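Supplied in structure tokens, the structure appears directly below.
Order of writing sets the labels: A, B, C and D. Residues in every chain begin at 1.
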Amino acid sequence: MNTTRNQPSARKFWSWFIPLRRDIGSWAFALNRITALGLTLYLFLHLGVLGLLAQGPGAYDDFLVLTENPFIKLGEWAVVAAAILHGLNGIRIVLTSFGVGVTRQKQLFYGFMLIAVFVILIFTARMY
Amino acid sequence: MTEQWNITLRIYRQKENEAPHFDNFNMEVSPDEYVLDAVERAWAFHDRTLCFRHACHHSTCGACGMRVNGVEKLSCITLIRDIAHNGATLKVEPLRNFPVVSDLAVDMGFFYRKMESVGARAVLPVMEAEIGNPPAQWEAEASQYIRLSDCIECGLCISACPIMATTPEYLGPAPLAAAQDHGIQRKPELLSIVDGEDGVWRCHSAFECTAVCPSFVDPARRIMDLRKQVVGARLSKLFGKA
Amino acid sequence: MSQPIISSSASGPRPGENTWIWLIKIVTGPLLVIVLILHFIVNHYLGSMSSGLMTYEDVVKYFQNPIIPAIEILFLITVVTHSLIGLRGILLDMNPSRTTLKIVTWLLALLGVSSVVYGIWLALTIASKGS
Amino acid sequence: MSKPHVIVIGAGFTGVATAHDLALRGCAVTVVERGDLCHGTSGRTHGLLHSGGRYAVSDKESAIECIDENLILRRIVPQVIEPNGGLFIAIEEGDLAYAEQFIESCEECHIPLEELKPQEALKLEPNINPKVLTAFLIPDGTFDPLRLALAFAGTAKHNGARFRTFHEVQGFLTDGQGNVNGVKVLDRAANKVEELRAEVVVNATGAWAGEITGMAGLDAPVKPTPGIMVAYNQRFVQRAINRLNTPSDGDIVLPQRRMVVVGTTSFDAENVDYIPVTEEQTQLMLERGSALIPGIRNAKPRGIYMAARPLVGGGSGRSIARTFKCYDHKETHNLDGLVTITGGKATTLRAMAEKTTDIVCAKVGIDKPCVTKETPLLSYRQYYSSPN
């Protein structure tokens, strides 16, 4: 009997990343993880950048000029979007983890995603 | 004569010494037949070395779990009409996360041992099968479906769960649901089994198990309820009311 | 009766996760949402620049009221705790060995503590810049 | 003296029960099965733990056997049985005529019986046909087919039996004087042919018994008689509901987990490997099922399948009970080393195994009595816990 193939293994760690043909729950799970990784990366970048404040006005204000660069702006937009998506999905997880709406988790997800898109649009309008 | 469809069964094949490959079986089926009937005909008339597991043919034994077009299905109750059309191809693969014995037959050993480790109840006489301590707010009409003694140990949730794919240590949806059916109050020894890295805290709410469960067990809801029980137990232990 | 085998690891359940780690993550989550909204309104809405960002003077002036550094530090502690516990959960899915997990946990804790200390130092230096 | 090696062909109910009894009495057992457990008829039974009521009038001998075995199975493997009882209900005047002889026969076969007035029956089972005229409560039960086999197989494995699933017998090995002393098997999982030697080979392949004895140039008195069963997606009743009349098509509805299963028909079939489901028989089950339980009319089928019963036809051979036939080919065809067991019902699997093991033990010189009546079986999951 061949017992190695098809077995669980850490190599399959990335299996959560491509929820092809899976249900909406897996997409929410993948979305939650991607946004989480992005936000954590941003968190430490953000802390690094704020360090410039300690060096006095020059360094920090020069950096602010950078934020006009369209790529940085797009990056910031992505961070805002990620925060909104992750936050709302996180609330869905908290609710379902305490049994609230656990039988209607799909509707919860759609509802929150609708709100997320709406808020992101406001921010996009605000930023551009 | 009933309506006839021509479909192609694209079945995962793997013998001990050969590399896995797919074989195509062109079958003439009636859309009101089940996927398992088509697989059994492929064995009976086309290729006698095709290995697959089946027994009851009416979703009470849990032997015939397979992945059909990438989604976990109980092949004995999956109507061809529901998942295919005339001329379609059905890709049939064994369940994920189980060692493959050969072709579509997998070794369910480690899963049954996990069910045994939480003392999952098998078949239950109706008189004794009070609904395992359901949380208060389950709606009445749904509760008549939610009876864990319906868990037929088919392994679909184990195959569908994204976390199960990363480690064989994780208890998995069905065993956790079985632990919830007992309840921590009634079987306190379960607390140490489920409250750990391989227990309830490993579930990341993908809800795939409930999506594929053919017996209305709703393991995801039960894992969430089990979490509350574990938190309750830990808090009461902390404040000494245990 | 047959001998129940709990999990294939003979040492019984592995203590990688427990109720408290999960509770902290679950509590800091919603807390974060509230504090994040506050942070957004204050830092990225009321700033003097056209895009709403705050210049150096804005930040220093804003930090004069001692409540602000306190909120920002609280926010930092919550977000660092939440994100690092979450990151550890993701790393856990790579099924690390016990020793690797212990090292990872300590590294993450170190990263967390040092970020918070750095944050506190930063907030205080900014606040001192104003006096 | 090392343990005598016995090969059992077939891991259906009879095969696993025989393996269990052989292992208990000190034989080294290898079960050879071309599929997995319950690959053939055993899996596709509707799961009735017979009380014998159905056969009390027409076949007292097998009725007595059923009630005895029913009570034994409840003792030795309770974990796979729902001992919810059963009802024989009369719906039309014609059924009442049958009641008289039904009561007599049940008493004769010591099958406990209790007549209920219609309201009492409807109180117990509100979903049965409201036009019920009278009802009899009898000790029917239901079992989970695969897990019943797993319980026997797991206990046998625990006692040393080895299971070779996905091994298909292709022929017998003989010792030159025409006596069988082993089998040639194709390991389907590895695509390799192997030869297994043994003192005795037991052919426990039910409806396929003829196919296996054919490999030794003999025929077997088994007449495969398939029947249809239809499962519906609601559990209307908690007990087995039988039609109070002479046995006929579609005269039983059984609860199985969250469903009811309506059975069955019987017709002849040649190729037993695959029996197609026919529309007429499905329709017949719907009519007969809804006569007993009207709610079935608007329930959805959840599984429709055929199972080939191994009914024993005429033919030679010492028949223990008309229901199943177990004989040593040495006596019937002067061919040593092969014992065939076929026929019978799921409920009588332990008794069939006892008779078969008695014959095998006589051949290999073991005179231990059968103890399976009092030996409780281990958890069915034991099959997956022990290594071999």
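As a convention for this text, a residue touches a chain if its C-beta (ideal position, glycine included) is under 8 Å from a C-beta of that chain, and two chains touch if they have at least 3 such contacts.
Only a predicted model underlies this, so the values are computations on that prediction, with no experimental measurement involved.
Novice: Specify the chain pair with the maximum number of C-beta contact pairs.
Specialist: B-D
Novice: What is the chain whose Cα centre is as far as it gets from that of chain C?
Specialist: Farthest from chain C by mean C-alpha position: D.
Novice: Determine the centre-to-centre distance between chain B and chain C, using the mean Cα coordinates as centres, and give it in whole Å.
Specialist: 37
Novice: How many angstrom lie between the centres of chain A and chain C, each centre taken as the mean Cα position?
Specialist: Each chain's C-alpha centroid was found; their separation is 15 Å.
Novice: Between chain B and chain D, what is the gap in Å from one C-alpha centre to the other?
Specialist: 27
Novice: What is the distance in Å between the mean C-alpha positions of chain A and chain D?
Specialist: Chain centroid spacing, chain A to chain D, equals 58 Å.
Novice: Two or more other chains in contact with one residue: find those residues in chain B.
Specialist: Each of 16, 101-102, 113, 116, 166-168, 204, 227 in chain B touches at least two other chains.
Novice: When you check chain A against every other chain, which residues touch at least two of them?
Specialist: Residues 1, 9-10, 13, 16, 93, 97 of chain A touch two or more partner chains.
Novice: For chain C, which residues are shared contacts with two or more other chains?
Specialist: Expected reply: 2, 5, 93-95.
Novice: For the complex, which residues does chain D have touching chain B?
Specialist: 35-39, 42-44, 47, 79-84, 143-147, 165-166, 168, 186, 188-191, 229, 231, 238, 255-259, 261, 271, 273-274, 277, 279, 302-305, 379-381, 383-385
Novice: Mind pulling up the chain A residues that touch chain C in the complex?
Specialist: 9-10, 13, 16, 33, 36-37, 39-40, 43-44, 47, 50-51, 53-54, 56-57, 60-61, 64, 67-68, 83, 87, 90-91, 93-94, 97, 126-127
Novice: Tell me, which parts of chain C touch chain A in their complex?
Specialist: 26, 29-30, 32-33, 36, 49, 51-53, 55-57, 59, 76, 79-80, 83-84, 86-87, 90, 93-96, 115, 118-119, 122, 125-126
Novice: What does chain B use to touch chain A in their complex?
Specialist: Chain B residues touching chain A: 14, 16, 20, 69-71, 94, 96-102, 106-107, 135, 137, 142, 160, 162, 164-168, 170, 204-208, 211, 218, 220-221, 224-225, 227-228.
Novice: Within the complex, which stretch of chain B touches chain C?
Specialist: 110, 113-114, 116-117, 119, 163, 166-169, 171, 192-193, 195-199, 201-202, 204, 227, 230-231, 234
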